[in-house]
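A single structure is presented below for examination.
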Amino acid sequence: MDSGALLPILALVPFIGALFPALMIRAGRDACALMTGVATLLAFAMLMTMAPAVFRGEVLQAQIEWLPALGLSASFFLDGLGFLFAGMILGVGLLIILYARFYLSSDDPMGQFYTYLLLFQGAMLGIVTSDNVLLLLVFWELTSLSSFLLIGYWKHLPEGRQGARMALAVTGGGGLALIGGMLILGNIAGSYDLTVILTKGDEIRASEWYFPALILILLGAFTKSAQFPFHFWLPHAMAAPTPVSAYLHSATMVKAGVFLLARLWPVLAGTPEWFYIVATTGLITMVLGALIALFKDDLKALLAFSTVSHLGLLTMLLGLGTKFGVVAAVFHIINHLTFKAALFMSAGIVDHEAHTRDIKRLGGLRRLMPITTVIACLAALSMAGIPLLNGFLSKEMMLEAVSQTEWWENPLFVPVLATVGALLSVAYSFRFIFHTFFGPVRDDYPSKPHDPSFGMWAAPAFLVVLVIAIGLFSKATVGPLVAVAADAVYGGGKAPYYSLKIWHGVTPALWMSVIAVIGGIVLMVLHKPLAWVWNAVPRPEAKVIFEWLLDRIVRLCRAIAEATHNGSITRYLAIFAVGTVALGYIAWSGGGMTPATRDPLAVTPLAAIGWLLLVGATGYLVTIHHNRFRALIVISIIGLMVSAGFVYLSAPDLALTQISVETVTILLLLLALYFLPKETPRESPAWLRLRDGAIALISGGAVAALAYAFMLRDVSVISDFHLANSYKGGGGTNVVNVILVDFRGYDTYGEIIVLGIAGLTIFALMESLLRGKASARLRNWTFAPNTSLDRHPIMMVVATRFLFPIACLVGVYIFLRGHNEPGGGFVAGLVVSIALLMQYMASGFAWAQRKQTVEYHSMIGLGVIIAGLTGAGAWLAGRPFLTSAFGYVNLPPIEEFELATAALFDLGVFLAVLGAVMLTLYSLSRIARHAGETVNPRPMDYDPSRRMRSGQEGM
Amino acid sequence: MTLITEFVISLFLIIGGIFALIGSLGMVRLRDTMQRMHAPTKATTLGVGGVLIASMLYFLLIEGVFSYREILIVLMLLVTAPITANFIAKVYIQGNVGNDDLPGTDAERGWAVYDEPPMG
Amino acid sequence: MNHWIIAPVILPALLAPLIAWLMRFDIVLARTFSVAGTIVLTAISIGLFIMAADGGVEAYRLGNWAPPFGIMLVLDRLSALMLLLTSVLALIVLIHVIATDWDKKGQHFHALFQFQLMGIYGAFLTGDAFNLFVFFEVLLIASYGLMLHGGGRVRLKAGLQYVVMNLAGSTLFLFALGTLYATTGTLNIADLAIKLRDIPLEDAALVRVAAMLLMIVFAIKAAIFPVQFWLVGTYANAPAPVAALFAIMTKVGAYSILRVYTISFGPDAAATGDMPGMWLFWGALVTTGIGAIGVLGSRRLMTMLSFSVIGSMGTLMLAVSAFTPESVVAALYYLLHSTFAAAALFLLADLVVTRRREGDVLRASPPIVQNGLFAVLFFAAAIGMAGMPPLSGFLGKLLVLETIRDMPFAMWGWAVVLIGSLLTIVGFVRAGSSLFWKSTATTEAPAEIASPAPKVPPHPADTLALAPVIVALAMLAMLSAFAHPVSGYLEDTAAQLFTPNGYLATIPETGEGVK
Amino acid sequence: MMTAALVFAFASFAIGLLVTLWRIIVGPDPADRILALDTMVINVIAMILLYGIWRGSHVYFEAALLIALVGFVSTVAYCRFILRGDIIE
Amino acid sequence: MEMIVASSVGILTAGGVYLLLRQRTFPVILGLALLSYAVNVFLFSSGRLAVGLPPVLNKYAETAYTDPLPQALVLTAIVISFGMTAVLVMIALGAYLESAEDGVNIDLKRPDIDDDEDEPTGPMSAP
Amino acid sequence: MMLARLFPHPMLSLTLLLIWFALVNAVTVGHFLLGGFLGIVLPIITAPYWPGRPKLRSPFKLAAYVLMVIWDIVLANIDVAKIILFKKPEDVHSHWINVPLDLTSAEAITVLAGTITMTPGTISAMLSADARSILVHCLHTDDPDAVRDEIKSRYESRLKEIFP
């Protein structure tokens, strides 16, 4: 347990280490590389301290709560399998760090590179040490992200960008499938802890959810490990710098899928589904990858497809579902790592030195770069499975594992295909060797190649040493590791018999191996004609299909998104209306209705007349709405009828408010209509009008039915309290007003703020209009001809001078009586606004504005603040916001009168309303004046008394 | 409530109603807009006047409350009716009657709709 | 009675008119007061958050009238959480606005901003359905002003649509409230729950209509199918920092649904039962899909981000639709996450778009200054929004998937969320590639195109301009790192919603008002 | 008797309302429509006063007064719109 | 009477919805105005109907009153919708002045923005 | 001067007080004070919109004039009613009449125009741009000059005495 506590730190080290290269790039490239190396070395050292325990067969664990609501914990565990992979990740990591230091050119941002590399390393380390499948998912997706950054590292290359995107799309997508699979798995097992899940193999395999989970998990694993048909991304990821290819695409990331198969082997393997899907996929991938590799001229592409092939091999081995297959897989994982990383680095060296990796332009390098040649050839021979090298050993084990395997009762299918795979592997390995390093020295290399500095070849050389060492002394070198890792995979029990010796005697596997080598050599010799045939035969190109598919998907998405969100608010609203009615109906039909409890009120002729007018006006409005001015006149009728209806139905306050609001609204609309087109064109086709009519009627019908239904049913309401307490507790007899300024004064407070904001918004909008494009349009405004020439008619002016103070008086009256009778601050504010509007209409805005002493901004501000402070005043008495107080004053000879804080609050309402309306008006008028309208600055067109005065002067 | 009271109130109500009807009839019967304007500006206003007097009498004689507040409405209508009539007439003239179809002003300036006011 | 509860409403309501009235010609003064006010609001929010954390439900009786007769404010864990979220977001956005001089592009920015906050706080605090309407209107009308800030042809048109849509929505809100009052006789959210107990299913047709209409109203705000269409045009054409602030506006819809359909129309109410959840599920499902499709299909960055907001709302509401304590935890976690993710993206987009020659059109453009830095930030923000680890989106997504597991059509939910994530990732990757990588490739601008000069001279973004984005991203990281304590608070919050004894106890037993 | 008179008055003004609506619909001139609307407002005022008599209540007086005021203002506005386009110069 | 009010609400709603679905700002504003009337009456009617019982207390008599609460709510709604309408009118005017047309719809497709891929690859074209 | 500032329009102040009594429907000390206060304050506040102080020579003559006009209105309506009820529409002979004005006060001209509109068969349609003429529409007459002369003698002459 003690050493287990190191695990979280181990997983964190690379992430913390990643900060250094990013932050200290100014300290120099060596420092960067050094810090990266130190971080990796530190992690490696920590891992090694845990080695003894692991080799003793212990499972190290550590657990930190993270998101218990989800069952996600930062739990880590380390067993043989994890140890094997962690060792590979950190060990190869060290080599890659060294190699990259020399490989990257001075133009490349090295700090970035090492940061990404460490991020990736940490993610990988996390995958292999996670004891919680959700945590594993976290790291899984992190590898996709960090590899995206690494592949796209050379962002100036379009292939880099494309390759990175493709890799992320495929592996990220697989990761999402994996999420689904893991969640199902966790559900079946009742825990997301791997150590728990691994004990529930029987339950999982028996579950009805086994198959979906299997498919989803395999999608994750296969995409990551580039299994057919998801293999295509891997070669394109080769646009990455070679250190990345060597690290991610041979040694570590692509093995994450294989790791997952191995990790979940105890719970998922052993079923026919597993066998047929996994083994078959692996087999196909192995053969297909090898075949393509044979005909690739790009060294890295060749290696990439060979990697695909070997990953297929590993997958197939795990798919067999036998313990022996597991051992072979584990062993081959190690071997593949050693030779393939060495090969990638060698290819990188060739590329680095010769400035090309095209086999067709290479050859004869053995004389120019002997060290590289030795390294590369040994590694390639191992890849080909030539004896004395480690590749041979695991290939033999593979062939032995498959030699007894029946596939759909066919005993030959698997062994034959496996042999073909091995044969192809021999062929491309030899091609790699001979076409690159052997043959005559050429004089047309893009750059004269020679062996690189030690720093660059040290890492591959070290790996090749391992290749030989394992090949010769497998048991001594990796025997315990294979044992402990394989044991971790199949979860204990009796180990199968296996031997890591070079000579097993004459077995079927040996024969298969011999056939492979001979056949491979033959193929290599025949490469030229075969390549001609290969290139002549058309075949689907995975990348093109992928790009095409993605392009189609993007286009489809674009088509859907743009067709649905096309900016037609008309359609949005139609959908809204239909949807609302439909959902409302569904809701209604889900419940019952008891019979009506109220008798309907009698319909008086008076009401019927009002109804007739309302209906007639509405219908008329809809028919003639194209004539905008006339539509406004008709709207007036509707407003008038609604107000009259409120009078009739005992709502005098509503009537007052409705009629005054309606008037102000119409004035605003008239002001706006001055600049707007006077006609609405008929642009909807008949069917659309019909459709809209249908929607309208359905909506109207629904609303009417709803209102009718509830009006005939009684319910007990809270407002009985308001009626009972209005006078007692609120000091007013107009209950509606007391509700507004007291019971629900907070609503009113919000309401005046709405008005205030409206004023500010309108003002701000006007200001921005006068500075924008509209400004130019306004300046070029042509005013309609044939307008009347009297702007401020004498009669209107005189009448207004008389009516204005009276209207203000009425406003004061309505304000003061609001608490006890219909009225109040809001209506009063509107009345005074209307009075001012009347004044403005009479003498013009310019003149009236000059006489204006109070500023409208201030009025709004003052109103809102007065209302707010009145409400807050209650705090002084320790009462909540808006608690009202009132009292009666008796000062003879004046009759007793009431003073209420509610009145002060109402004053705030009054001011805010007045300010907002007038600010709006002011804004609209400024637009008109900006348009260059000629203004008569005098209050009346012509004051006849002037005539007398001037006449007198004349005399 | 005495018969006389009721009779007086009813009388004013009926007078109001009759003038309202006449106003409506005028709006229907008369041929052109200017002619039609005569009906509501006078008849309907007087009709409302009748109702107002009835209302005042009603509250005075039956509810026992003297109020002359209804007069405010009459005042309002009396003050505003000429103005609105004036405006509506101008709307009609501007749209339908040319300057030449009107009698001359016998003054320096033409009719207000068609001529600018004197400066100064 | 604790008067601090109303402070988040009153403070901006007093500050805003002062700014509009006295400081409208002095931007420095307006900025100072706006920032100071927002900081104080944040402090108050923290205080209230701590107060609510002890599990009590505190009611504030406005006008000293007992609920349900007067209006009450309610401070519980949920409202405190939303307040705090709003405050932090507001501070982040405000700093960005000041750093980028957005507030100078029109009149009254700070006044409208404060009013906007007031409306949002009011909506989160109120315990009254009609008052919720009022504060919806406050926050909406302020948002109209902010949305139109700076003007311009397209923005005005988009603003027009935004206003029309919301006016239609407000109308529906009133229809819903009318039906609600007509069928229950009350408006108080807690009292509704009590009244609803007495309405059997046989008599519930009308109240069910009210519940459904309310749901649609909130769905408009939360941008749930079929009333999500408006969002794209609005967000894509709003000033970017305003779009960032709007990240909380969709959450107001989500909050309202959470509040009303757990307290008033809870899953236990016989009248409505599981109706809200059932319909919300399908709406959310389609929304998630639409969001993902739009992200992949967008040609403009701002459109893409808008679609990503839609997608995140769909995912969030999927979790809500289960209406279980666990699903509410998931929803709230995702809510916190998606708020900051959207804010980070929009703020970053603002910094990038104003520097690019091609604006927010996703095609190659000469590289901008600090290309690498912006690329890194975009990558992080995209990871956040697309729900990739290590940021909180991944955990949020897992939580959502986990909690909808037992719903009848959960597999559909899973499929849509997961496939949607893939589309989103690919979409963001393509966008980032166009914005940052390809620009590096086309260093030399095509000379033959007489390109208009960038709107803003390509000066580097200073620390003040970068800080908000970085802070927003840091919030994602912290949500992820501190998932345990966060989810702990959320679990308590959900528990409070599903055992609303405390909330219902705000209604006095006697039903007698005190004064 | 008074009830009958009241009904008669109601009916008379109701007919007035219908006639004005008809006039608004048939026009033909904007002046006709504005005039009809103005008359309609006066008719409504009369009906509100009649309603006050019928209910014996003063509560409706303010509505009538206010309608008289706003009716005037909106009539002037409609006219000014036709005459000058901009109702406030 | 209930039928009268309900049908009025319905007709106002229908007219409002129809105008709301027009393609120019002005009819849309008119439609919203109609809807606002409709919803005000609807909300008002949630207090049920009563003739001649205004909720103005008579200090000296015990009488019945109609429900005052919906009236207060409607008042608030009227005021708010007034503010909203004013803003909408201004925005509509602004949009018209800026763009010289008064449609409510915009073309979000923006055909001026072309696709911009790394390589314009036709379907199945060989690399 | 001080008084003029305090009472820019004394008649208006009085009118406002009377209107206040009408509005509150009560004549009490309190309302006298309140109405009086408003009667003083409102004219002061609104004074900027009513520059100049219209001269009113004789308020009593104005009252007499008003009573005469009200009586005329009643008669006018009966006249118009007769025309509407009993005349065939095609027999209604309408005329435009130009009435030259001697009045020079805006208030006086307004009152005259209002009077014309409210009294027998005439509507004042428009002023001339220099307010020297008034255009009158006569519903039915066969002698337009007589109508013009009656307006001038019956109303304008009286108004000349009231408004100097």
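Order of writing sets the chain letters: A, B, C, D, E and F. Residues in each chain are counted from 1.
In the analysis below, a residue touches a chain if its C-beta (ideal position, glycine included) is under 8 Å from a C-beta of that chain, and two chains touch if they have at least 3 such contacts.
This structure is a prediction, so every number in the text was calculated from the model and none was measured.
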| field | Fewest touching-chain hops separating subunit B from subunit C | value | 2
| note | Note: chains that touch subunit C and subunit F both are A
| task | Look at the interfaces A-C and D-E and say which one is made up of more C-beta pairs in contact. | result | A-C
| message | Just the number, please: Cα centre separation of subunit A and subunit B in whole Å. | response | 68
| What is the distance in Å between the mean C-alpha positions of subunit B and subunit D? | 11
| request: Would you kindly tell me how far, in whole Å, the mean C-alpha position of subunit F lies from that of subunit D? | output: 22
| Cα centroid separation between subunit A and subunit D, in whole Å? | 59
| Do you know which subunit D residues sit against two or more other chains? | 11, 30, 34, 58-59, 65, 69, 72, 76, 80, 82-83
| query | Could you say which residues in subunit E touch two or more other chains, in rising order? | reply | 20, 25, 38, 40, 42, 45-48, 52, 54, 56, 69, 73, 76, 80, 83-85, 87, 91-92, 94, 98, 104-106, 108, 118
| message | Give the residues of subunit F touching no fewer than two other chains, as numbers and ranges. | response | 19, 23, 25, 113-114, 127, 129-130, 132
| Okay, what are all the chain pairs that touch? | A-B, A-C, A-D, A-E, A-F, B-D, B-F, C-E, D-E
| note | Touching subunit E in the complex, subunit C uses residues 130, 134, 137, 140-141, 144-145, 148, 151-154, 156-161, 163-164, 167-168, 170-171, 174-175, 177-179, 181-182, 187, 232-233, 236, 299-300, 303, 361-364, 433-434, 438
| Touching residues on subunit A, where the partner in the complex is subunit F | 789-790, 793-795, 797-802, 804-806, 808-810, 812-813, 817, 839, 843, 848, 851, 853, 893-895, 897, 939-945, 947-948
| note | subunit D contacts subunit E in the complex at 55, 57, 59
| message | Looking at the complex, which residues from subunit F come into contact with subunit B? | response | 19, 22-23, 25, 73-74, 76-77, 80-81, 84-85, 89-90, 92, 94, 96-98, 100, 113-118, 121, 123-130, 132-133, 135, 137, 139
| said: Could you list, by residue number, the parts of subunit E that touch subunit D in their complex? | reply: 52, 54, 56
